[in-house]
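Labels for the chains are A, B, C, D and E, by order of writing; each one numbers its residues from 1.
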């Protein structure tokens, strides 16, 4: 059964091919194709999940590329992590497909949109069932292309073009890290099959230092894909794409691929404490760093984007702190509630035609479904007890604490506070207070949009219960379950951590409440008291500008240097050579003066010199 | 100083003198005549070298025929019989330098050579000897030479004759 | 028999050759150029005749060679002069440096 | 020597020469007595027939034992025969061109033109068939004097006069050089017979005569360099080629040049390989080759670079022809086993491509006031076949594969690198200058194919020149694709060891 | 049956037919022209089938003998997997670009096809010759038609480009000729197989000679490839030659350089090659980065892709320099892959030029609106060029770097910078043209016609096919690769 798991990505691929080649005239009908095929994939994914749970892991492989004695293979493998990811991806994708039907209703290029979605879904599903690193890398890049195409969906907008380009290039920088890491690993292990890699690592076939290098290089790939500092800047810009895309790709699935990568290769990372620290510190720093930026953004999607960056940092931190289950767990819950938030945000944008939160407000009454589901999402991400985010975040904090990374633990708490604060800031500004919108008749979105949101809302509440300290750690047990490479770990944490996390969340919510709902505290506290800090944070720490001035201009300078070399050295040398040839010609031609005595003189002088030389070399002078 | 050496020196000096005069005179006709001196001196040397027939041929052809046609040439072209300028000075200097170089080198080389023996019977029936050789061993080049002369004859005629008269005749 | 070495003749021939050459390459009147060339050929003849008497295997051949040379030289002079006359008809000059319509 | 001895010689081996002599004499006599109104073109066909007969005689002599008349004053061996065939073929094609030559009535002496060409050919043939300095010299002069007159036959043209005059003056000087050199050779060996010389020279103690022999070598070579137009005696060529009537230019650049190579090979190879060189165990030829290789290199450079600047098509071909003389010296300098084959084959190729090109130049220039390369503009769109044939010739001259020129160059190369020591520098100069030559050869092709048709001047194709063009084009391509046809003929029929006595 | 000879000279049929046609019969001419290139395509498929059917395709006839058998040049043809693939590439790209030419060449179509078919003979010959001299002959034959194709039908500075092409390549082939003649003179043979044995063992020639030969090969094929700084002619040709010709040029002719380096450089002088491999790698690296950085600042679409070719050929060099199976196979793949991709890219540039009459980046933008299909293809081609998995470019780059990382990890690490830069400049160019605001609206904009669509789709299909299932080719390559590896004792 599991060897047929390749059927799961096949259906979205079919959807892509069908739509791109035949779908020109189908317009809205193409949405049914997309929804149908993704639906099948989802159903298959669920089946695979159950089969995996009952029968254990499995897969199939075939030769793909032979280089002499080396053989690279392609295939599928289903293990708990993959099966879980399959379900998450196909489910979110399925819901987003449905949601988009109405959201993209007016767009003339809806067919293209659906075909791109199909391409992305295919790549993402294929990524998660890769049995080896090369296949993973291939689809890793392909999901990037899907993301690129969808970010640049509104190709006529300069911003979309720039964002698409940026996304592609920044993730590619990360990908190169992955590529190098992969190749180095290959020459150490002799294979890119996960199992063989893990065996080799476990048996200590790879030297410690090299392993650290490889792990860090691979992690750079994850940094690029998951928008971790310092390669995070593309992700907020990627919000130029249609909102369902943001929900699917830039919240739930693709950006989590980095986390997935680290999780998949967890045995490799685990063997190198240094690499683990790098992962944890990068994650932790990103979590707090992005959260601070999220505090002051005015674009609803950008706030969510920074929140995504921050949450991904959280997951990385968990993995870096050996919290394998915690990371994956948070990946799952985050997928649901962040997708929910984005879809709800999309619903809001759909209604008010703006993304600026300053121009929203008071939507709670007008959008009776979007409002509540957004609130659910907000509560979940803020880590309010009983919502899914609470459990997964708690698990992460626990993991860091147990790993002895108290600094990171503190950072995590602060980030949680910030998260709660800015998410509720967002909620209050959008849904409460007076309407500041220019659109007077705000309507609730159609059912094809609300149903997916409701589904996700349910999941945002309940998905946390599969791994709790109260009802059992089902997820953890299953994930670690039959793996020979993953260490079993579960910590019964001290209760105070859970309490502290809850308190922090409530504190954040309370502060937001005071500022943005009650307005009992001044909003412009930061702007008026610390203008420099505000400017710094509002401009995302000027990292984009920093990159522009260093990397972009640097590359440009190198290029112009190259042009200079070409124009003034290479071409000049060429011109000099031709010049010499031509001037020899000119000289000879000038000597050819038409004076017959000159001709004779040349002949004679030539003769005289020759005779002289002959006698001279003959030794007679 | 033997008589032979004396004769040689006189003739050689005359020959060279003629050449030098040719180089330095200004009137074309004078140059030509000075060369006649050279040609005659050379004929004298031929006699010394037991080549009577060649000497006579030299007198007839060079001092006679060639000089005369050259004078004809000068007369026919009758234009400025004076050497106007020395022309391209740079080139002349270069040629002069070349000549000097060539001369020195050759002089050194010539001095390396010495032969022991010399012919003794060349002057005996010189003309007959030449005739016999010419009509037996060198009959092929000799006959070929007649073609050369024919060609030169025809060539000289067709190149030098005035075509306009001929065309006038035809009309 | 003779005290005069062949080198003397060779030297004389060389001198005359050089004079002829210098004349041929510097004189402006084409007739003189042609006759200078004749002088060069004469110098060759001196060589030939001298070798005919004093060379290795002395013999009549040198004299015969020189006769051929004389004949050829005369033929050449005749043709050269004929060409000069034809040229003079078209150009009205015998100055050699004015023959430079074709160059470079 | 009595009559019997004289008659005992096998005079029939001179049949080709006799034929040419007979036809030339007959033509000159007929020319005298026939009315001016008779079309002199008939003479041309008569001459062509004569050459054809001579060619047949020559072919029938293939395989003949080496034979000589009168102590090598006439000699028939593989060397003479193989090159004589070239001379005859070249002259045949030139004469075919000449029959069609009608440069606005400038060629007033058509009858003379034909038989002077034949006498020139006769001189060249004698040069090929002789092993005696005197005969060689007389043959050389017969060719030279005929050429002087031929160059001046366009009497009304100041270019033609000037060309002839320059030719005579330079030719006279060169003759003097050659003779000066030969006089030393004679003096140092006491003979004019090459066989005797080569025998004699190995007995001579080197110290005595070596220096003068080297000088004789250089003098002779530089004098003969005039005939093949190589540095330092190449400068007359452009002016003369430009001024002479086109068929004469073709004759000079092919037949006369071939004859020049013949005499150089004959004289230098008969004498100097047997002389002690500057170092132990080397021949004088070997020691002096370095100078020749420098001259060859300079010839290639001079010819090809100056050609870059030319606009006059005949002048351009003159420089091209200089360059080719340089290429032809390479096998001589390399002096490998392939030498004769390389030179002979390249001369065959050169004959075909150069005469073919000149035939087209003649067709293109004779009815146009200009000799500028622009007369070729857009030729492909006016007369595609002429353009295609011209392209074939140009490609062959440039040494592009598929043509005889390439095979010839390849052969030269292999020879140059096969020799000991390998002549790398010379090979590099040769190929480098060949690439430079692409510029001007392809420049003409660019005119034909890439430029709009400039003048709408009529291009007439008389039968003679058409035959020449087509024959040359066909030959160039055939030899490019199946060089074996003539190479095998050459290798099996001619044994060059015969040329050593 | 002597399939190879038939294949090589099959364009002659087209030449013959075309020369019988009048210049006015445009439709017939273009049809004949296209069909004349389809014939070799079909024949090459026959050859492919024969090759895999185990048929012996090699032939050898006596051809020229210099010096009475001293130097014997035979007419020897034969193929291995590598040359077979290049042969297929040549026939495919030729047929496709012929159909592009038929649509885009407005005048002198007959002459165009005549030269084009001669060019094809040269290209097919190059890949089948088993003899150095024969190889050279076909190699040099390509010069002439290319000169005319560029000079007559090219863009603004066409003649300058034509001369550039001629002189650079002329010099390159000059070096080659000297080398081949020297090898011939030293060893007495030019048969490639024999030379592999002779050079591989024993002391037929000195070590210096071998290194000299390798250097000469490097220069000769370095011009063709091209290796920086011998590349300027190639940029000029890419910019000024007609599109159909650039397809051929970038698609096939540049590949001769790679073919020569691999087949002769490694094949014959394997041991020496191994010693200079680091140097080659540095050259490759320079090519890769130099091309990439310069492509980044070009203001003209064709120059971008010209420098892109320089950059991509750098990967070939890197792969070769790796001197292991992965690297060499990567280089071979890159050769094929770039052939297809460059052809596709230039095909699309031609389409854009056809509609807008400009290729200036500044005056182009937002074309996806007017011609979505073309833009889509363009984007796909760009993605292929920047090495997107699933397309041929990735497979080759991956293998080349895989190989290089084994032998020279540090160089390889620097080289990966090139992969990033490739993405940067390709996206800059492709997105600049298709995405963003419409800079200028062009009258009469229309999307891909069927005539343009078919070749584009065919190329893309091949690119994707190789990308998805590379073993499709490795099967053919296997023995060729093994024999190359034998040359370097691996």
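Throughout what follows, contacts are C-beta pairs under 8 Å (C-beta built on N, C-alpha and C of every residue); 3 or more make two chains touch, one makes a residue touch a chain.
All of these numbers come straight from a predicted model, not from anything done at the bench.
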| task | Using the touch definition from the top, list the chains contacting both chain A and chain D. | result | B, C, E
| So which chains count as neighbours of both chain C and chain D? | A, B
| query | Where the centre means the average of the CA atoms, what chain is farthest from chain E? | reply | B
| Furthest chain, CA centroid comparison against chain A | B
| field | Pair with more cross-chain C-beta pairs in contact, given B-C and A-C | value | B-C
| field | Centre-most chain, if every chain is reduced to its averaged C-alpha atoms | value | E
| query | Counting in whole Å, what is the centre-to-centre distance of chain B and chain E, each centre being its mean C-alpha position? | reply | 69
| request: Mind checking the centre-to-centre distance between chain C and chain E? Centres are C-alpha means, answer in whole Å. | output: 64
| field | Euclidean distance of C-alpha centroids - chain A vs chain E, Å | value | 37
| note | Cα centroid separation, chain B vs chain D, in Å, comes to 30
| field | Overlap residues in chain C, where contacts from two or more other chains coincide | value | 6, 20-21, 24-26, 33-34, 50, 55-56, 58-59, 61, 64, 68, 72, 75-76, 79, 83-84, 86, 96-97, 99, 101-104
| Residues of chain E engaged with two or more neighbouring chains | none
| query | Which chain B residues touch at least two other chains? | reply | 87-88, 91, 95, 99, 102, 105-106, 109-110, 112-114, 138, 141, 145, 148, 151-152, 155, 159
| message | Output every touching chain pair, sorted by label. | response | A-B, A-C, A-D, A-E, B-C, B-D, C-D, D-E
| note | Interface with chain E, chain A side, in the complex: residues 63-70, 134, 137-139, 141-142, 145, 152, 155-158, 160-161, 164-165, 168-169, 172-173, 176, 179-180, 183-184, 186-187, 555-556, 558-560, 562-563, 566, 569-571, 573-574
| Residue ranges of chain C touching chain D (in the complex, touch as defined) | 6, 17, 20-21, 24, 30, 33-34, 37, 40-41, 43-44, 47-48, 50-51, 55-59, 61-62, 64-65, 68-69, 72, 75-76, 79-80, 83-84, 86-87, 90-91, 96, 99, 101-104
| message | For the complex, give me every residue of chain D touching chain E. | response | 337-338, 341, 380, 395, 400-402, 406-407, 410-411, 413-418, 422, 424, 427-428, 431-432, 434-435, 438-439, 442, 445-446, 449-450, 483-484, 487-488, 491
| request: Please give the residue numbers of chain C that touch chain A in the complex, ascending. | output: 21, 24-26, 33, 96-97, 99-104
| note | chain B partner, complex, touching residues on chain D are 1, 5-6, 21, 24, 28, 36, 69-71, 73-74, 108-109, 112, 116, 119, 122-123, 126, 130, 132, 134-135, 137-139, 141-142, 145-146, 148-149, 152-153, 155-156, 164, 188, 208-209, 211-212, 215
